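You will see two complexes here that share chain A, one where it goes with chain B and one where it goes with chain C.
Then we have the complex of A and B:
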């Protein structure tokens, strides 16, 4: 919780700025859209944080989003599969991708950066080739299954705002991952592996299995997220769908207090990190800044946030040293 | 020893406080050229703080440092940072080695002050000069060797060569022999004596009173941040120094009578390590037995322990079999841990501890797996376990939430050993169990290891300290170049007999 305080502060500040300066920011439709987006990106960021906790990285998230998001309408419309066939297949493909990453990293000892960079290129290429680079969509059908991501739940007494259904998987996953990390032996082991892989191995932790598991979970969540994204937007181009999503996911995890060195995570922080990035994007549009500045603004905020975090950490370490050093 | 050696460094009334806690108070010391000065004390006595002040790493809160100038007059100085200290001719060799593993030896020695010609590194000059300084410390290696490939003992010597190459008049060594085998430690003491003969002032901290007795011209004893004594050669004996260190007479620990049962718990058959295929290693350990592996650094003791625990990366390619209670141990380390094999590694910072995590997490890690129901962490059980293990290991300070990083070496080691004692391992493997650990903590660790053996576990430990091997082991296996050179029962063993085997001699009997 302590680790999340910084990002909660940043989120609050940006939220206030947006409320004051963004004319349409506090409208129901805008907030509804924001919650929807923040939830979807949270799912990706939660996956990324599991990998980052082990000291690894997954650059292929955006391409997995693309592959699963393109495969879903392609299988439904072009191949005429039923939703009950498509959903398990797409999730299984995603999990298999994660399994390959994990095995290449733990058994062949390749670096996570390289393995997932190759994945980034591979899965997007695959998605474009499968579909002949044609835009894929539901063509107005499959309303039932799309409602997984499109349904909105009214809150009694509130008129303009309804809760988007994607909040539910985001919250459920966050609670599950939070409990996993803090209350289960495997979670403790995952943190230990990220902190010091070698010491964990010497202590009897099956480090290779845990690292593999984290990549499976990350890709599975990316695939699941990709499916929700496509249900939400309806159609997408294989050449650009999901571009840079891995960077939003990694940035949210880091803003939320996950150290790229591994061993540290805060689920609440990750949720706020993902939400902060979406509010920021939204604010840029609403206050009339050129949308071409979007990446520049996000990059700046990320840099400032990470630098502030590092300075605070160093300050508290020094304080700790003053109190504790007596050797 | 003529007392009128020139004073290079004078310390007067120096103290250091950390947030109101006094780490060091009112220290007076003269450091003289051509003299070896030993600083001894228990962990937490203030030795490291004093060294840090002398080498400019921290500044004293009180008092005055004076350094002799070229004509020998003492001038007050402020040593703000290592650079100032280097300029004043003071060099510190850390206990934790600080060489960059990806640099070669010459590059490490000249790191930060590389000779250059026309803006390019003058590699030839660097290597030539490096060779000279390496010769000074008796190290015959190619200056182009990568530091990462050197054993710890040689890295230490490279660090000393580096210090000498800075034209240091005052060489400060923080526990220089803690990572060395007996023979290498001997060599280092010789080098210290040679430096003394050249007029260098050598200051060293050591937990090995034997070394102190052998080489120190003067001994400064610290306890709880205060100087409790300063004794010149001839005026001190071991018992006096120990009394000044701990404030009481240490009870002499007797070697325990072996309580080994006849039941064989651990059986090692024809073990071959991947890069040392020379001779297979076979031995047995009975229930209740403590076996000591002696030998020089590089003799293959660590490889044997790691092969038993299954933690070596090349584990699959090792030949041979390891049996526990009659059944073969196979698979990765975590499967062996589940069967009751525990290893306390040599390098505790790298392989043993989660430095940024609290004591509680470090001590409960192995226990979690045994205790948890449905893979859930039992928070209350964990707290009570950690509390009782802290008390049992006499961990100080007794704070479960404290980061392990901030503990002294001895207490860190207690945390690693406590992690395993919490699960009563069938086999406990310890690699250098008391390296960098003070006298009091060492006795406590030994007592816990004995208690585990007395309860029927098999214990194997490797130690470069003959004193420890003789004190703790029931049976001693001496290794030489990857093979077992001989075996000695503890009661018939002596330092001479062990060294004879360890250096390639054949068993006389």
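Then we have the complex of A and C:
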């Protein structure tokens, strides 16, 4: 929880600024839409955090989002498969991608950066080839299956805000990953692997299996996220769908307290990291800043926030040291 | 004395550079090559059609280009390239085509102002024409397409007919392209009932209040659809009284339809659309979208190949004095939506069946 305090602080500050200066920021519908977006990106970020915990990186998240997101309407509309066939197939393909990454990294000892960079190119290329570069959409059908991402649940007593359905998988996954990392032997082993792989291996930890598992989970969540994104958006073009989403996922995970050196993670931090990026984007529009400034504003605010967090940590650490020396 | 000579030499070099525009020289050189083809025409030219991205729009254009290659009166080899990676990808493709020794290229430049080098290279080694989005300062022999300002004007007038005033928002993929800038300006001028002037430019970040309308802004998304959807949702939150919006790229309009439906705002927020997204056409038929302005990508592809083939035979007679071969846009409304959709589907099918990027 301590690791997440920084990002919670940044999130709170942005939220307050948005509430004061952003027109209609605190309306139910805006908060509902923000919850939806934060949940979607959280699912990708949770997957990314599992790989980052091992000291690895997955650059193919955006392309897996693209492949799964494009495959879903393509199989449903063009190939006329049923949703019951499509969903397991897409998830299995995503998990298989992760398995390939894991095996290439652990058995062939290839660099995660290289393996997933090649994946980034490969899966987007596959998506473009499969569909002949055609944009894929549901053509006004499949409302039922799309409700997986579009349904909203009313809260008794609250009129304008309904909980988007994507919150459910995001929360379930966050709780599961949180419990896995903090309450299970395998979770502790995963953290130990990230902190010092050699030491963990010599201690009898099945590091190769754990690293492979983390890549499977990451790609599976990217595939699942891609499916939810396409259910939400309705159509996508294989050449650009999911572009740079790996960066949003990695940024959310790192902002949330995952160390790129491995061995550290905070599930709550990751959720806040993903939400912060979305609230910031929303704030830029509602405050009325030029959309051309978006990336500059996001970069500046996050950099200032993270630097302030680091300075506060150092200041507190020194203060504790001084207090310790006195007593 | 030496200094004086150097200064004079530098000055004359500078004057020489000013006097002879490289673009004009390259156009003249291309025309000279075409004139030479009159005496020795290319037997079976190989020409290329290069898009500015990947979209259904370009698949239809590809169908047109391939059909032209197979047309008995034309009969040439055609290569179609869709750059999926933006400016750098398009540059690489153009350079590769030049290396391949292609006879002529029709390209839709992504950022003509900053693509001078590669466009000059094409003009130097091959024959350069532009389609869909023009590069008037580049050494191109002609431009095939519609005037994007006029098309924007049509969209603006469509919006003005269907919505008599109020807040208006503009959504577009990016503003770097010449066609995007002109289309947006045309829309604004058409909506506000101004006297048409293609040289006018309203800053995207400026709020415009005129003739009973308030244009609250222009939002870009760099082709990120999740971002494009979020833009529409956020603008509707900020402006609950939004009367009208326009999506000036195909997917902007498609996503606008999606958001309107999701928020149950059919009939409350009007949409003047651009291009032929399936959901947009369905929404026009349902009656909650005013209409859409469509181009003729099939015509762009067909005419591009036809013109380049003629050049390789030494014939430039089809190029008018202003250098623009016009293929006008048209407005699709509820009454002609069904017929348009049937014709479009047939063309997309033909484009898909075109298969490989090289058609012989």
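We take it that the second predicted complex is superposed on the first by the 301 of 327 C-alpha atoms of A that agree within 3 Å, B and C clash if a C-alpha of one lies under 4 Å from a C-alpha of the other, contacts with A are read in each partner's own complex, and residues count from 1 in each chain.
Keep in mind that, in the parts below, a residue touches a chain if its C-beta (ideal position, glycine included) is under 8 Å from a C-beta of that chain, and two chains touch if they have at least 3 such contacts.
Quantities reported herein were computed from a predicted structural model and do not represent experimental measurements.
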Which superposed partner A:157 touches (first chain B, second chain C, both, neither): neither
Touching partner for A:186 - first (chain B), second (chain C), both, neither: first
Which superposed partner A:137 touches (first chain B, second chain C, both, neither): second
First, second, both or neither for A:195, with chain B first and chain C second: first
Chain A: partner with more touched residues, chain B or chain C: C
Partner chain(s) touched by A:238 [first = chain B, second = chain C, both, neither]: second
Touching partner for A:204 - first (chain B), second (chain C), both, neither: first
Footprint overlap on chain A, comparing chain B with chain C: none
Interfacial residue positions of chain A with respect to chain C in the complex: 22-25, 27, 29-30, 33, 37, 40, 128, 132-135, 137, 139-140, 150, 229, 232-241, 243-244, 281-282, 285-286, 288, 290-292
Chain A-facing residues of chain C, complex: 53-56, 58-59, 82, 84, 204-205, 217-220, 223-227, 229-231, 233-235, 237-238, 240, 251, 254-255, 258, 262-263, 277-279, 282, 348, 352
Contact footprint of chain A on chain B as seen in their complex: 18-19, 21, 23, 43-44, 46-49, 225, 309, 311, 332-334, 336-338, 342-343, 345, 350-357, 361, 365-366, 368-369, 372, 375-377, 379, 402-403, 406, 408, 419
Residue numbers on chain A that touch chain B, as the complex places them: 182-188, 192, 195-196, 198-208, 263, 320-327
